[in-house]
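This report concerns only the one structure given below.
Lettered A, B, C, D, E and F in written order, each chain numbered from 1.
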Amino acid sequence: MATTDTLIQNILLSYETLGGVNLTETDTFPNKEDVASILLDIECLIFPGFKTSQQMDRQSLNYLTGERVHRIGSALTKEATKAILYDCKKKKKDPVKCYEKAEKIVIALLDAIPHIRKVLIGDAEAAFEGDPAARSIEEVILSYPGLEAIITYRIAHFLFEKDLPLIPRIMSEYIHGKTGIDIHPGAQIGERFFIDHGTGVVIGETTVIGKNVKLYQGVTLGALSVCKGLCGKKRHPTIQDNVTIYANATILGGETVIGEGQTIGGNSWIIKSVKPKKVAK
Amino acid sequence: MATTDTLIQNILLSYETLGGVNLTETDTFPNKEDVASILLDIECLIFPGFKTSQQMDRQSLNYLTGERVHRIGSALTKEATKAILYDCKKKKKDPVKCYEKAEKIVIALLDAIPHIRKVLIGDAEAAFEGDPAARSIEEVILSYPGLEAIITYRIAHFLFEKDLPLIPRIMSEYIHGKTGIDIHPGAQIGERFFIDHGTGVVIGETTVIGKNVKLYQGVTLGALSVCKGLCGKKRHPTIQDNVTIYANATILGGETVIGEGQTIGGNSWIIKSVKPKKVAK
Amino acid sequence: MATTDTLIQNILLSYETLGGVNLTETDTFPNKEDVASILLDIECLIFPGFKTSQQMDRQSLNYLTGERVHRIGSALTKEATKAILYDCKKKKKDPVKCYEKAEKIVIALLDAIPHIRKVLIGDAEAAFEGDPAARSIEEVILSYPGLEAIITYRIAHFLFEKDLPLIPRIMSEYIHGKTGIDIHPGAQIGERFFIDHGTGVVIGETTVIGKNVKLYQGVTLGALSVCKGLCGKKRHPTIQDNVTIYANATILGGETVIGEGQTIGGNSWIIKSVKPKKVAK
Amino acid sequence: MATTDTLIQNILLSYETLGGVNLTETDTFPNKEDVASILLDIECLIFPGFKTSQQMDRQSLNYLTGERVHRIGSALTKEATKAILYDCKKKKKDPVKCYEKAEKIVIALLDAIPHIRKVLIGDAEAAFEGDPAARSIEEVILSYPGLEAIITYRIAHFLFEKDLPLIPRIMSEYIHGKTGIDIHPGAQIGERFFIDHGTGVVIGETTVIGKNVKLYQGVTLGALSVCKGLCGKKRHPTIQDNVTIYANATILGGETVIGEGQTIGGNSWIIKSVKPKKVAK
Amino acid sequence: MATTDTLIQNILLSYETLGGVNLTETDTFPNKEDVASILLDIECLIFPGFKTSQQMDRQSLNYLTGERVHRIGSALTKEATKAILYDCKKKKKDPVKCYEKAEKIVIALLDAIPHIRKVLIGDAEAAFEGDPAARSIEEVILSYPGLEAIITYRIAHFLFEKDLPLIPRIMSEYIHGKTGIDIHPGAQIGERFFIDHGTGVVIGETTVIGKNVKLYQGVTLGALSVCKGLCGKKRHPTIQDNVTIYANATILGGETVIGEGQTIGGNSWIIKSVKPKKVAK
Amino acid sequence: MATTDTLIQNILLSYETLGGVNLTETDTFPNKEDVASILLDIECLIFPGFKTSQQMDRQSLNYLTGERVHRIGSALTKEATKAILYDCKKKKKDPVKCYEKAEKIVIALLDAIPHIRKVLIGDAEAAFEGDPAARSIEEVILSYPGLEAIITYRIAHFLFEKDLPLIPRIMSEYIHGKTGIDIHPGAQIGERFFIDHGTGVVIGETTVIGKNVKLYQGVTLGALSVCKGLCGKKRHPTIQDNVTIYANATILGGETVIGEGQTIGGNSWIIKSVKPKKVAK
């Protein structure tokens, strides 16, 4: 390749003139693969014995859990520190306070694990009850992509609420790639949430979802228009308790409320509120 | 982390009080990664020379095939035994009969390979004929996600019909994650089936599909309502021969029949039967 | 397994009678995993410092880039040669010319990198401006699946235009599996293109898209009917500048034109042209 | 290769006529790689914090240790069971008792770890004191091949004494390959044992070594003659306390005793006893 | 690092002025790791069922063997071709004949496998009979480094005799690193050869060894002086049948003959012939 | 395992009472595997094109070299910093100066590469000239374990001279394990040094070796007695120019000098000086 040197010079020149090069942050970006493996470790903490073939008994479970908590603690603190420093640098905040923050967030997450477990066991039960094809709760925990997306969401949401930058988003894009389900970590989702099949589901940042809600594949809970930095904070709809939304329904807008107990048909396009079922009758 | 011990104790306590822990079955659940690699091996048995870069000639093909059949036989028997034992234990059946069952199912699958190959070559031809962008059958076998999902379905369906627990579902969720196409192994699908693009396709457990059917991305063949253990066995639609269903169409209900030769428009929402084309004219 | 020999003989017999066996081309098919790793290398060339944790400064960037260009050059030439030879053999062309062609195409791609970078930086800016949830361009480059699909498309499209067989399609199916976004490498797509969420998007081979176009998840730009080798070349729609298409819209047909500045609602089904916004008013 | 089939037939024929084929035991041989990784795990249990880069504090050490003990327990029991069954089968013993034996041996080893640690810390101190080039005990534990061979010997010897077949030998050949030091697990070696450099050291099965003994590279403690099943049990020499043996010395014979406090010159060839230093004076 | 560019320029300059750079042969040198893995495959062909945990029965052994022969055939032909071409280029021979040669040598090796097996089974028996510590022939095949070195020697020697360049030496250095036993592939070694312990054994290129010879660790069969291209072909000793040589003995010189039935003491230094035992009496 | 908890408590107790636990330094010990991979990278810098199968031409060599220098620079600085900090901590030195030191040492090494290359090319030539079995210098560079040990020694010695702690020793033990050749990084060795076969060679810390020296396997250049911190600095022998030492010779003592041009017989035991050849005559 006679002209390779010229080709290389041109590419280097384009780095100078066009940008799009990340020289200084390489170190401070959280590592995607490490975040994914921390996520798997937290999943194993939440439902021990389902995701790895490691044998356990009641006694070894204690040590395994202790060891796992320490490993998650130190690995997540490392990634969280990088994410917070990146943010601090951008916002010119005091780096000392940044360091403290990472450790606090990680401890808070570990402290919340029993609560998160309780909610997720409810989600698994809702899936088992809601899917005639499910043969046991174990099968649901073992193989349902919808539950896997919800596990990731509940962890990422907790971290998002604590203002941890980048990592919640990396987690949600990781599970999006794996399941086709895209739940923004900012969304607020109540107990006993069930997504069946799930490919193509999108749940936007300011969505609010009540209890016992059930979504099918391809459902979008999105924004009506794009208004970067201008429009109100709530851009995505509110779904009240006991709502079922069938496949490929699209519900848009921050003021759109789907009232309690309603069923939304598949392929529907909804940009206005729907009253609760009782009221509607 | 000063309070780590307390955090760990709380998590362990939540295991006691909340459950969601799988202590005793770790060993008897089939291993997901092993099932995925058996699946790839069966794919190679069905279309030799496409999925690996292993060189072959007519002579070495014989040995390769023999060795592959033995490897699949012993690996699948191992996973199948675990799945059947798990089920036997749940249903308190005689474990001895359980053991025999695994081996019988695996031999039956290997015996059916020539037949499955015949059907899948038909599926590949249908894809080639149905997609103007396809340049050769080799390209279809090499790269079409729709065909990959159908290969997996035909294998998983065979095992499902033989009452093998868990494994058919693990196979279908594996390919769902990879292609975005979710075909329940219980569905009955005729010859020359073609799914184009495929992301978001969902085909429910009791769906019946005839010959020469063609689906586009986002098509749902689903249930109308959820009736765990109460409603009749057939919850998903019937698609007769020579039907084409365009993107994002949603067809629901166990009594819904799409008649022979019909074309269903994209984004349509269908919960009642559509008569056959000839009759409809 | 007493009858294993018979099982194997039957499978071998089915290879003879049914075909679907690839004996001779094993060597000449491009290797899927190698193509995927070349693709990642090109991504790193385009946005250095985002995809690997490799540390860099201004000086080491020069050597890293030079080394990367050489590595991509030799690896892609190897795969391209296999793809072209496969095609030459099918079409019985002169193999000597085939060899030359591979090297020419690879040099042309490397030569075009500065231009492709310019276009992709525009795409990243459009994503940042178009998504209220995006906090910085770095976050977009780091984690948006839509941008990753567009990067792959712009590389695959370049190679498709140079008549390189198989490889553009292998690239697009690779990213399809990873993001759920299926853009045919033959499509023509203008600057500042943005796909939000993206799962289920399908863009057909003869689609033409203008500047500043924005698509949401589940949008199909497809063909109206299948007419293998019979119908005109343009089977997929034209989308003019500044068009926004909401989730799950389906737009079909080679003569369908969505006029400049239009907004297409979610879940819509469009098979006729829509006039430009100004004209329409 | 026209005659490949004939080549293969001839090889298969040689399997029939010559033997040297292991059909039935494949399953019951302990796996070499698994034994090696159990050995590394036990090393980490003995000297925590030296062999892996895993971070620890006093608290996490507890959980890490508990988890490691459980992991070693279950992995070693698995390999030990295979080794014992292989032996039982050969000797036609009752398989039920065989199973019990494996678990008993593993528990005994874990119970002995504190004692083995005490002896090995003495060995490390002897190395530090005996080598002017050593800068700290940490350096010795971190990098001395002699200590690594002694750690392996002390573990393998414990298992050998408990009559565990095959595994002690697999352990000693593993470390022989890594360090060039070949200590038969049957040898009896006292406290504060030090091997400097070590390549080529051979210590035979019935060797007895006292306290504070120091060997240099290439020392052989071997048998005088070979007398399979005929000669007395003690075929290798006895080395009393406080003996130093310089490089490449060869000491042979079951009745050869090197008396307390003696120094044996390098390259010497000794087949008769050497009196203790005091007596000798 | 401010001066890195200068450092790099100086290194590049030293490439120009000093050489030691291999630009053109990178491609034609056989790959060391590939040669090592072919060697392991041949070992498995010779003693099936010992080196891998792959399960077999009499039937699957046939397919496994056939597949293994094909795999070895194609992989070794590839490496052999590179080695022969490298040699042809150096000696400016006709490349066409070079190609043919590689395939011929590989077929000859595969044809000789039954014979090589016969000899190696004799070596294993000699080890079992010669080592009182050996409990079974299986244990010898499974774990004796001496036998592993002899297996490699017998394969490498066969290829050396057929004038295959580089590869025999790469094989012997590979096993040298692993066992500490360095047998030049040119040596001629008779049946029932046994090396005990083995670390430090060196057997030179023109050594001739008879039947039933037994060596201990550290034995050197070497040259008396160095006479590059000047001295006669035979530089290393001859060891007649039934000789035993104890640890660290050094026997040098092309005219030195150790007569039949002799025993050579450990640490001895021999540069003159020793008459046969019967004659000597 | 009923008593596992007790077993674990006993092990933990032994950590408290016996020590041998490395809690705080885990982080600051250089990582052995990383050091080994840096060593391989430096080898590739010294003899490009021999150790990896990466293809190169004159142009790509420039970029490859630049990239390699940067990679080695940053990886070695990282490990060196850990080693120096560990040492600083032990000696209670100012950590700031410690940091600077690491970078200085690494730059000095990179600056010395052209000189080290020159010396090593001389070593390779000496091996080629000294071994009648060697067919080309390329073969020597490609496969001689003696040269590999010398390459490692020359790098480790440079770092040892610059007072870098731990890493030179980790490097020398790494190559000791691989080749059986144990050269202390403190030894001083002149040009054109050749070790043939090499297993069992030991060269002590204060050895001084002149030019054109040649050693065979099993040669020890060692200390006469052990005198930790008491005896003079020079504990190992001096070997003058043009000396040849045959297999398994043992030469001991800091005042022992082997005079110029001498040949030392195999298996000899030397603890007094030997006059130069000319003088001796």
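By our rule, contacts are C-beta pairs under 8 Å (C-beta built on N, C-alpha and C of every residue); 3 or more make two chains touch, one makes a residue touch a chain.
In this text, all values refer to a predicted model and were calculated from it rather than measured experimentally.
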(request) Quickly list, by label, the chains bordering both subunit D and subunit F. (result) A, E
(message) Counting one step per pair of touching chains, how far is subunit E from subunit A at the shortest?
(response) 2
(message) Which of these, D-F, C-F or C-E, gives back the D-E interface, meaning over half of its contact pairs coincide by residue number?
(response) D-F
(message) If you average the CA coordinates per chain, which chain's centre is most distant from that of subunit A?
(response) E
(request) Averaged over CA atoms, how far is the centre of subunit C from the centre of subunit D? Could you give it in whole Å? (result) 58
(message) Can you work out the whole-Å distance between the CA centroids of subunit B and subunit C?
(response) 27
(request) Spell out, as numbers or ranges, the residues of subunit F touching 2 or more other chains. (result) 1, 4, 8, 55, 59-60, 62-63, 65-66, 69-70, 180, 199-200, 218, 248, 267-268
(request) Using the contact definition from the top, classify how the chains connect: line, ring, star, complete or other. (result) other
(message) Output every touching chain pair, sorted by label.
(response) A-B, A-C, A-D, A-F, B-C, B-D, B-E, C-E, C-F, D-E, D-F, E-F
(request) Going by the contact rule at the top, pick out the subunit A residues touching subunit B in the complex. (result) 45-50, 53-58, 61-62, 65-66, 69-70, 73, 103, 107, 110-111, 113-114, 117-118, 120-121, 124, 129-133, 135-136, 138-139, 141-145, 178-180, 197, 199-200, 216-218, 246-248, 265-268
(message) Looking at the complex, which residues from subunit C come into contact with subunit F?
(response) 55, 59-60, 62-67, 69-70, 74
(message) Which residues of subunit D touch subunit B once you look at their complex with the stated criterion?
(response) 4-5, 8, 59-60, 63
(message) Show me the residue ranges of subunit C that touch subunit B in the complex, using the header's touch definition.
(response) 1, 3-4, 7-8, 10-15, 18-23, 25-27, 29, 31, 90, 165-166, 169-170, 173, 176-177, 180, 182, 184, 186, 199-200, 202, 204-205, 218, 220, 222-223, 226-229, 231, 235, 248, 250, 252, 267-269
